[in-house]
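Before we start, here is the structure in question, set down as structure tokens.
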């Protein structure tokens, strides 16, 4: 299995989403990171790309340079990720699709509906993949929820209720912080603030799990911090094609909420609940029955949920990244910058001494024994 | 930054821990997977290694072949991971250390204390890194706990209480399943069952967070399923060098527990609590004060916790792996096996139509509007 | 302190809310239950009242009889609770107020706004107490939330979000059950179903904690089970006089939710969260700071929260009712109907033997000792 | 149904447990509080008893006076509760049993095993009820757990694990507080501190749910605050007659734990978990199946759990006490001390205006409407 070639536009040093894309692309060893235009400052972008292991010839200064450089190569990238500021998604995505590249675009895909329709047509004409990073829909237990709804396990969907609320923009004294301010400035963010930023994840997930589309909606927007032109809090009621009622609340001033994304789906014969902070579990209640906890990795999950579960049931969601942190510390140590926390051979030895001590103690009816390795006594 | 070269022994097709090592090593793009002896069946191991992208010359049939093949190369691996059956850890780790390789060994590092002392001496003599995969200690908020204890933020530690309990071996009718049985057979697992398998993670973490060593202990072991020679449930009381009292319960027959690893540390001026199922949070209570929730990624964390947090505070622990799942689906799609759940351009377009619909509705006092893109009406 | 005299109208045998009123009135020993018209079937009502210890002369057949009987007594009731079907609340409450009684009326107080205005005027003219049983507002930690908001501890309120969702009417096959059906029948329930039944608890609590009134609102109602004329799911957006934005979702088809009443209040300098299923805790986050858990009974609570906490901090919310259950079993046992679970002297003895056994074992370094009392060996 | 007559010894003004006994005895209207010797200071006890509504002739100065006064009355108390300091439980309980009274004794029933045996014999000889207030065993879902175990629903019990940990004595600077100190002073508390104080609740519950007795045990006690002679932290391993393994941890220095009482029972075919902070739920996992949440009040509970559930499933555990708080405020208001939080007629009216406003808005497609009653506009 040779690796696919991957390139990224945006996501440079200090980017919030860039590291998640790199980890996402590299984690399974199926992509090789070979090209990038990572920063709007060409020199910084080229330098950072090379620090990440990209060859100098494919460390591009901007996306046009990258498009020009890649499009005629035999070993052109198999996939381009677009992780640039929102307003640029459209033209970059369109250009790469037209040149025959597969594209993964950060959300929102475009700023206007017209641009969106344009992308749909271009993608179709190109025959290439155009994906949007609604990544919450790729959690195994979200896939399980979708599969259960499609299999009729909760009956016809009556109601879907979803929230995406955080409080990270709740401090009015921080409202002029540039990392915050642009989100509520129509010149930079477009027509919508918090709903376009987080709410659309929730709306997508409602469609995704219900396997149905939003048909009409009614919205109430509020700018609870007066200096904001765009909403920092929104409630959207909607109806889906199949008749389901929808409720969506999103907020960035919900002080105390960190990652408050959850969804509940209620059908004629059952209800489902999932939350991003307990991603390992899907809560299921059959009508008239007891609530059940469906665990990631358990036997009998739908195929898509099983395929994406990665580690076996005894290991919680964050486990592989804890292993990755061990490798981080190892890389640093190999590079001559040892990290304090790396478990060493002495730690391994102490464990064995404790194991043998415990065996001896248990055999002696719980007698207290020295737990230290002889060499450390 | 050129990549470090990484090789693995064991962890082949169907292995439980192999995928976590691969993801851990590859996730940050700092290692390249270049060599492996992945299976005790030489041909299967060679084939699987090549499927994972390793060159035919470094897809080895067994670890001795790998040692011979690597030790004289200029581009020899910078790190070897040993993920073989427990009884083989000692000789492989020792051999690679003696040949001057850095080693990450799965736990338990050895079967006996004597072997463990041997490894400590060999590692020291070699000047090479010998690490043990106590990966739970690498969660950011575990590092935060350790840093807080070391900084005196809970005062002198009085008491540490830790549990690692699951129920995956609680079915007596499944006790002869080979994946279960060996763990309770002294010929294969050594002197201890569940305590050596899971309990030592908890014991290591007690030492790790308290920054102190276990001095003496008293154990009560039980084989609650009669056919088992080794314990499937254990309670260990211990005392640390600094005087702290310790309590450790571990079980594999705790039916209903999935990933039940938690630790509580109580000092003179405060208490801490962490659980593997809520890895994003460290719970802290100052004596006489209110319980506080310390969030991964928040401002003011100790340096080591901050460094290993990976994604910003608004993203929960599993987030990067959800992104990785999107890339999995993309790799499949590019390879001609499209996956149903991948969010496509139509999904991106529908979001934009909903955003603009919501803006229009909010401006019109909540009037109901069509939320569909014109092209899909 | 002599007891106050209490009477109840409605709340007879099989009533859902009657037992909670009796327990509520009797729990603190401040009221004596001396009069009642408990059932719309006079004979059943009289009989049940007498079974509950009410004298035959004050066991009334209906409320008019009770009004006539009580109004000229010197020892007339000090308080009348009205727990009859909703449509009768108005006339009963009005009549008792006009006759100079204090009244506690179940919600909703009336069916129409005009009736409600009438009650307000009558209550004011009478100089008597007219209270409505929005009992959730009497949880200690709800009082604490209100006191914190009033004291400015979260700054000016920006946003309040509250949900009251359950799934007990989610089974369409049970929709004709008379205990369910009347709630969705305008002839019996009035203009609104679920919003009038549960939503108003949430709306009252929003006003109560924010110490402000709802000024305007926009609602979306749905009857997700087709046979229902009234809504079983509702979303209400509102604005308060002080400018706060409000969001309220209520549902009776949220299958899997049991007692899903929660409220979040977000102000300029902090956020609060309370849920009826964790009533002992109020979650508080100061802007830019860590989330804190405020515990019922902790030192420094506002006076009203402290006064109503009942048992000290080491005892959870349900504790006094567990004690009450012991007394239930005792009453049965004294009445000659012994209950299996009542802890007896043998249980008390076994505990002492275990305590002394544990002391002896601990002194002997954990030696195993017989834990049984000599007389039971 | 005439009421039973109840008297209490101890539990006077400022007592921690007295209010829970009064509420417990009075809540269901089955007992009348007619006699008491509430304080070791005779005058204070007599005065407090009369404040609580007891007649002057039965407001006794001490327990001997009460015994003398009650034993020859025709209307003698049907039940005496003993809630005095631990060291006095034995002689009071014994004396009342011998005089033919039913007794509910606070735990611990006695200080020594010999005394305990004496009580068992006296109780048996008297034919009277001698109960011990292990009140946690009276939670409905604890009764459900016991019934499930007895019905074989989790098979033969293999393992029971229980914790009762709090941190209220974790402040060494408060260790001389008299309310804390006596618990660790052998002259006042007897042979054991925390294990006798809290641990025995957990040990009783293990026996209660498993319907089996503790046969032998091994203990590890620690005084983590140096000034204490008795243990403030204990671990007890035990074995039950039926072969089940037991683990019990109890602590009073677990800073941050408030009411940390929980129990897990693991059998051959299933596991159960209950915690005092989520008393409404019993968590059940059948071997090889999904975890289920059993809710207080659901259809199909065992009889004893159903009988003690008090309020229907839609009402959480604390609900009746919130209603009781409304009655507290009413009693104060009637007594001329109005409380701020009592919901009044204006609150009832505002709700009706909101309901009718919401109906109108929903009918008008979500149009914003005035939500205020006309008289308050």
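By written order: A, B, C and D. Residues from 1 in each chain.
Throughout what follows, contacts are C-beta pairs under 8 Å (C-beta built on N, C-alpha and C of every residue); 3 or more make two chains touch, one makes a residue touch a chain.
In this text, all values refer to a predicted model and were calculated from it rather than measured experimentally.
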Selected pair, greater C-beta contact count between A-B and B-D: A-B
Chain whose Cα centroid lies at the greatest distance from that of subunit D: A
Interchain centroid distance [CA atoms averaged], subunit A/subunit D, Å: 46
Intercentroid distance (Cα basis), subunit D paired with subunit B, Å: 42
Subunit A-subunit B separation of Cα centroids, rounded to whole Å: 20
Of all residues in subunit C, the ones touching two or more other chains: 218, 220, 237, 291, 295, 365-368
Subunit D-facing residues of subunit A, complex: 218, 237, 290-295, 298, 365-366
Subunit B contact footprint on subunit D (complex, rising order): 154, 158-159, 161, 165, 167, 170-172, 174, 218, 220, 222, 224-225, 233, 235, 237, 245, 247, 249, 251, 253-257, 264, 266-268, 270-273, 283-288, 291, 365-368
